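Please read the structure below before turning to the comments.
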Amino acid sequence: MGKKASIVLFSGDFDKVMAAYIIANGAAASGMEVTMFFTFWGFNAIKKNKGPIVGAKNWMQKMMGIMNRGGSSRLPLSKFNMGGMGRSMMKKIMKGQNVQTLEELMADAVDLGVKYIACKMTMDVMGISKEDLVPEVKDIVGVATYIAEAKDCDLNLFI
Amino acid sequence: MGKKASIVLFSGDFDKVMAAYIIANGAAASGMEVTMFFTFWGFNAIKKNKGPIVGAKNWMQKMMGIMNRGGSSRLPLSKFNMGGMGRSMMKKIMKGQNVQTLEELMADAVDLGVKYIACKMTMDVMGISKEDLVPEVKDIVGVATYIAEAKDCDLNLFI
Amino acid sequence: MGKKASIVLFSGDFDKVMAAYIIANGAAASGMEVTMFFTFWGFNAIKKNKGPIVGAKNWMQKMMGIMNRGGSSRLPLSKFNMGGMGRSMMKKIMKGQNVQTLEELMADAVDLGVKYIACKMTMDVMGISKEDLVPEVKDIVGVATYIAEAKDCDLNLFI
């Protein structure tokens, strides 16, 4: 039977999301079956890049949705972000070194069959609806689904 | 033989501690044998909520104990904490969505048989004594005990 | 066959690097075969402690190299660093408790046979050359090498 990997993506920082996708795609490219479980700030990676989230139901969720807007193009660096300047510089350097962009990595993940599961509890708390997410997110699940997957994986990471 | 899981709880951030307990309880509820290894800032989750730590022996440990006071009710959000306002808002939103509180998750962990092991070195460094910790912490161990556990686990995470 | 462990060292924070080495050495001491994969900010742990990096090719990499200088003696605490004061205090407390210094842990890792692999992509992006790194770093690899290692490990962590 093939080897399997799971990654919990908890962080919404650009550098950590990049690392998560590079590992996920590397594992999938080597023939592993890969599942990514998006939770908490990790949702920012799979929010659409357009306007504010539509799922927010009260002022607290709306405020959270504005402060924590997300979308792959808005993720901050975990260090030296400096209001986005650090991230812009990092992106420019990466481009100069022919590193794949996050958006290219995300497209590859789909092509390589990386499976996305998204944490229902986070969506309830942050007022994120399915329409707020990129279309490749199909399964909204509880933690039990993640556990059922991870307990049979050969490689599990929390990022 | 049953499946096993281990979680190193290194972080003392409210959101990461919540994630650790949700995963630990989810794993235990699905029949896995779960061990949590508390280290560094992760100790803040298992410090009592009352006054300053009593184990501090010199002014540096006392100062660290004041700045890094801990207790489940004092954990900051890793993002948007804003002196506690962000955390309060997050807790209010969670309550509105009927998400378990951290204290409820911690009580469930005990009921589900999640095993706590606490890092002796951290306690020595931070001047934390056993009296400073919630009573469910029974085993104060070295890293070798964690390794002996983790090497036979099916799911290992560092949070 | 012996048990194996892998650690992705993504963080360059003093406390997290300490944790990574304590776990790596603990695993190696218990007979496990251990691989550390250095990536992103984790490179700061294995940069030499002397002057600026020599691999930087353009002003952006040079600026990054200055801001993110690294070397084991310059790693900040993830919390309460306060421009290095927090780290100094932490180091003093650790010394008082006879905790190994990071440099001692790193020397032990070599003696215990911990294998270092370093992420080629990070080196390209940050303009880090092999001369910028401590001599025990021999293998500059792509993510595929990490995956090939990790998928057969009994303990995998992302720190």
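Brief remarks follow.
As written, the chain order gives the labels A, B and C, with residue 1 at the start of each chain.
Here, a residue touches a chain if its C-beta (ideal position, glycine included) is under 8 Å from a C-beta of that chain, and two chains touch if they have at least 3 such contacts.
If you're wondering where the values come from, they're calculated on a predicted model, not measured in any experiment.
For the touching copies subunit A and subunit C, the fraction of interface residue numbers used by both falls below half; the interface is of the different-residue type.
Note on subunit B versus subunit C: their Cα superposition corresponds to a rotation of 120 degrees, in steps of 5.
Subunit C has its Cα centroid 25 Å from the Cα centroid of subunit A.
For subunit B, the set of residues touching two or more other chains reads 156-158. On the side of subunit B, the complex with subunit A involves touching residues 3, 5, 15-16, 19, 22-23, 26-27, 29-30, 32, 78-80, 89-90, 92-94, 96-97, 99, 154-159. Within the complex formed with subunit A, the subunit C residues making contact are 8, 10, 12, 39-41, 58, 60-61, 63-64, 67-68, 121, 124-126, 142-144, 146-148, 150-153, 156-158.
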